[in-house]
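These notes open a run of structures that come right after.
Heads up, the next two complexes both have chain A, just with different partners, chain B and then chain C.
On to the complex of A and B.
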């Protein structure tokens, strides 16, 4: 179990949070203009990196708000959490 | 290398077991070129190589394994075998595997200890019961055995089960009698031995670091930690690492990799006659021939490549096991571990062609790939050899995410495998 820093509530146990997939995915403004492959890319295809990942989380058993996080997928280390709309931080060296 | 027989066992018993040699060739260095290279030496990859060598004339074949064969998910699962999936496409695929399991020890001349002792899936609420009854009907229409047992019949089939406890009431269960377990290591070793005897090179400690494509776009060589290998066709069977391998060829995958955990208890005398699964409380259990209780837990909630999961996941599973089987409350657990499973959004695998000519992929088995090992290898070998999908594999193509023809076993309550 890891501690996760909610940008609004501070450090809380992992159990209070829900992982919500890859972050910074932008819904296409005009879905009808896309072909099937482009729409599938948006819906299903993911980076799935081994290393630093940008993820969307939700403090579901707390303030209920969404935020983004930079987490390492081998060590589970969180380098940063940040509010929606903020630019993503660079991964640590 | 000669075959196993009762005569040979007797002869070795009299000679102090001194006549056993290595069961498969494992060359230190690969050849400079192969017609087909399989990336990933787990059960699925080795089975693919075996069926390629046995049933298709494709020339020289190699299996490249980053670690040691069977050291990934093949050696980390809970060895459950069943085929009672809801949709006809899935039932056809997994039942193809069960049919191959039934003759596999003879086929490979290697005892994979397939034990069809029955898989019982428990229903704890009305929704479970309705869902499982629907599965039973769908399976029987598809020619797959599955039957409904009421609570008393469940207890008769599995005496350790406490159907009177208040926490997780047992309303009944769906039983597939042809389901069961097999010895996971023996599956990898048996396929390796049989493939090696047919001329397949099994190269261990050989990590693929790059995939090169020619002017026509087709794969033509692999960079590995043991040098460059020219290739005709490549089959990627890398489970949790599939996204990383496919990225080397410039292909993105609809996959996310999660840790899935399991644990075993201290070994005890035979106490547990079957396999019991509970999707609702997410616990499944059987007893190995060594006597250990083999217990499967759930996946972590977030992707990871760490091969270790959260302790709270294990503890949740053990709470459920202790409620369902109070006699196990004092059992000590010996060890736990995690494997990295690659999941798709519809929880069905991907078997088939990719946008890159000559590159094939078999992945996305998620939390339930072991049971499919022989069937997966068999249909994937045919797909590689003919460069077109085997009829059973065809619905599981990569392009189903674009066409929308998903096989949504995720919604069919196949939470646990």
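On to the complex of A and C.
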């Protein structure tokens, strides 16, 4: 069981968290201004990296807060977790 | 008897009786089942998986592929596939052999040679995927089911208890052999918290077969035992190594009347792996006969258990340690007929010692065949040719009742590999050794190659065996060298593919004795080196782990929590029939004497339509949305216009996902300018709160609004029916009835209890939902029942609730919707706040696909014959012989109110097809004709609920 570092609560067991998909997707301010292709891009198209991925997580059985994480999809290793709105950290070399 | 008069670590003052296949035997405290059987001269202990060949005891540890037995401790406690080599003997132990019929000594499948003729490499693949698929069902499967299989699973529930414990340690040491004990002592000396576990019942590992080391072992263990910061765990297998040094241990406790097993989950600062090494068997023709045993295992039986497993011994050695075993057996009284040295020359010192002992050593020799039925009686010793093949033409017969195999050593890197450590091939040691790893883990002792000397390389061990008849590599799965060679000839190159095709290493022993040999055979066939061929992945669990230890206390009532509504106990007393709704148990109907479900539901429905019904709606999800921006927040999320919703009013709301499909529905009541009471579906409560929190925190962080789940805080009592107000009104204080129309909400008192009273209807009748603190709900319920007695108040359950709402065409999210239904499809587009620039899912609703005229739309369906009930889930087709589905039936009920069945369905362009006939498929007959009608069957103008 992986320990995940909640930016508010600290290290907690994986069981307390829920994965919430790709991070740093911003909901368009005016969806009506988007054509169908642009809306589809926001709605459905996701990166599926082999390696470091920027993801959203929620400490759902803890403080309930959403946050972002840099996780490796092969090793399951978390390089960093950070609060929404904070700049994303660079992946480790 | 083959028990020695002295020696070993068994307690000869404590005899233990046990039985094997119904025969009574005696062993001693300290025995394993295997050592006790050998002490009684029992070598034949099982039949092999595929070919039903007689098999004996190969090893003295967890790697055992053959000696799999059934341990019977009574009903629900029958354990199949126990390795006799690790089962501690206890008084009264009942063990049985497996895989034999009618008896272990006389097995029909083996006599007929049935299996060996057909079950070659890739049998399963060829039969499943090829033209033989039909034959599989008709012929092979029934036959294989009779013949093969690994023991019998118990039928009765397991009466034992299983525990679970989390632990933290600065240092976790896996393996209590010499290296592990040294590591534990060193760590303990620094004051660290240490956990030392070992899979065997007795700590000591290889030291247990070294009598001269016993005094020091006892002293070391005493020192560890006396240290309160050290936890010693015998019979505890580290079987899984997860990220961040999270190691799972399976401990067999077997406390009388207490725990049977305990699962430990240990987070360790540092893990020390002292997992030792396993001896390699040797492939040659007939290498699986009972009496063929790993050399070091035989030495253990002598030194540790005081058992002489054979009196007339031959040893086939490819490694120096084989000599130590042969000498130990000779010292214990056995005659050693010969040592067959596979290497070109025997090491000088060992040769000299053998000569001194009068033991004949034949260098550059192998075994071309063995003799014997249920135990080995002899072998053919043959000089090895240039390619390693034993030359049968020049073979010498040697009589023996025990053949020792010393094929060299394979470090146990299973856990290190599970820790995602990289392995490197050490050419000098001829073994994979631990290399780089990210976890804080250290390998010590034999698993790191320490103290191991090289022997004959494994490729040469296997050289020439590929043509041998019945030279077994994987004895548990009955895989031979020929099977592996055939797989290579058929084009398999990757070791992972060869493994799956032949099933080599895929039995419950996970190839502990077969993986390296299998690799060597493949390497030989391909003319490549072992590291070029690669290594299969090591996966958890290291050894078979019981379901019980994983389940722990999570069984029976504790398997999944049961949620009960405030009126649950009352409903139980009334004899309600319950149904599970997610984790909730809800009263489905309240049968009176002699009533079946249909009769009860019909009575309950008619009571609501004609008088008044009372219903526990407490399982509805509830979210309190509070803050100056509460209405703005809901405006952005739900499709409806909320800002104009006045205080004291409520509205049916619809929530979509961004893809435009219906996600949930419920009623939103405006309690105050800055406070809304939101209800969700029973099943949707958690996911709706999650979704709303997501938008609140990440998309609309500027809004001043807070969400709190209040699902379990409010008890909700629904009163529905034309007499509902008559029942309720006398109990209400502080409400202005003149300003309480349909879709109003007010805070008042009901039966003296502070309440939020909603005037809403999910039945189409005049309706109220009384929200009171859950703890007060039973009292209010009783007050309403009393007040309603004169009006014929009738409790009703979820089934009547479903019928009543279907008669009104009200959808149930998840029944009428399936994640592909838009508001327009469901006939709910009128809910959408047209002036709103945006809400969740709005943009998706204007995608071309969402605007198609042939989308499936909610319709009502009535059987043409007005009697038969269509199946929920039945496909809708346009004619009785049509092959294309145009929708499906979502709900279907008998309607007592209308006197005929009613159904709802999704039908392509359904609203334009009112009056048409469509057909619903049936599993048990021809399609059923249905008339397409409006989904609102009762009171289409909605006059009743405004009454």
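Just so it is clear, the second predicted complex is superposed on the first by the 93 of 93 C-alpha atoms of A that agree within 3 Å, B and C clash if a C-alpha of one lies under 4 Å from a C-alpha of the other, contacts with A are read in each partner's own complex, and residues count from 1 in each chain.
Everything that follows uses one rule, which is that contacts are C-beta pairs under 8 Å (C-beta built on N, C-alpha and C of every residue); 3 or more make two chains touch, one makes a residue touch a chain.
In this text the structure is predicted, and so the values were computed from the model without any measurement.
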| request: Examine A:45 and indicate which partner it touches, taking first as chain B and second as chain C; both and neither are also allowed. | output: first
| query | After lining up the shared chain so the two structures overlap, which partner does A:77 touch, if you call chain B first and chain C second: first, second, both or neither? | reply | second
| query | Of the partners chain B and chain C, which touch A:3 in the superposed model: first, second, both, neither? | reply | second
| request: In the overlay, answer first, second, both or neither for which of chain B and chain C A:65 touches. | output: second
| Counting only touches as set out at the top, which of chain B and chain C does A:55 meet: first, second, both, neither? | first
| query | Which of the two partners, first being chain B and second being chain C, lies in contact with A:27: first, second, both, or neither? | reply | second
| request: Could you give the residue numbers on chain A that contact chain B in one complex and chain C in the other? | output: 1, 18, 36, 39, 43-44, 75-76
| said: Using the touch definition from the top, list the residues of chain C that touch chain A in their complex. | reply: 242-244, 246, 265, 420, 438, 658-659, 690, 693-694, 697-699, 701, 837-838, 842-844, 847-848
| said: Considering only the defined contacts, which chain A positions touch chain B in the complex? | reply: 1, 14-15, 18-19, 21, 36-37, 39-41, 43-50, 53, 55, 71, 73-76
| said: Taking the touch rule as given, give the residues of chain B at its contact with chain A in the complex, in rising order. | reply: 241, 243-244, 252-257, 301-306, 310-312, 344-345, 401-404
| Which residues of chain A touch chain C in their complex? | 1-3, 18, 20, 27, 30-32, 34, 36, 39, 43-44, 56, 58, 60, 64-66, 75-77, 84-85
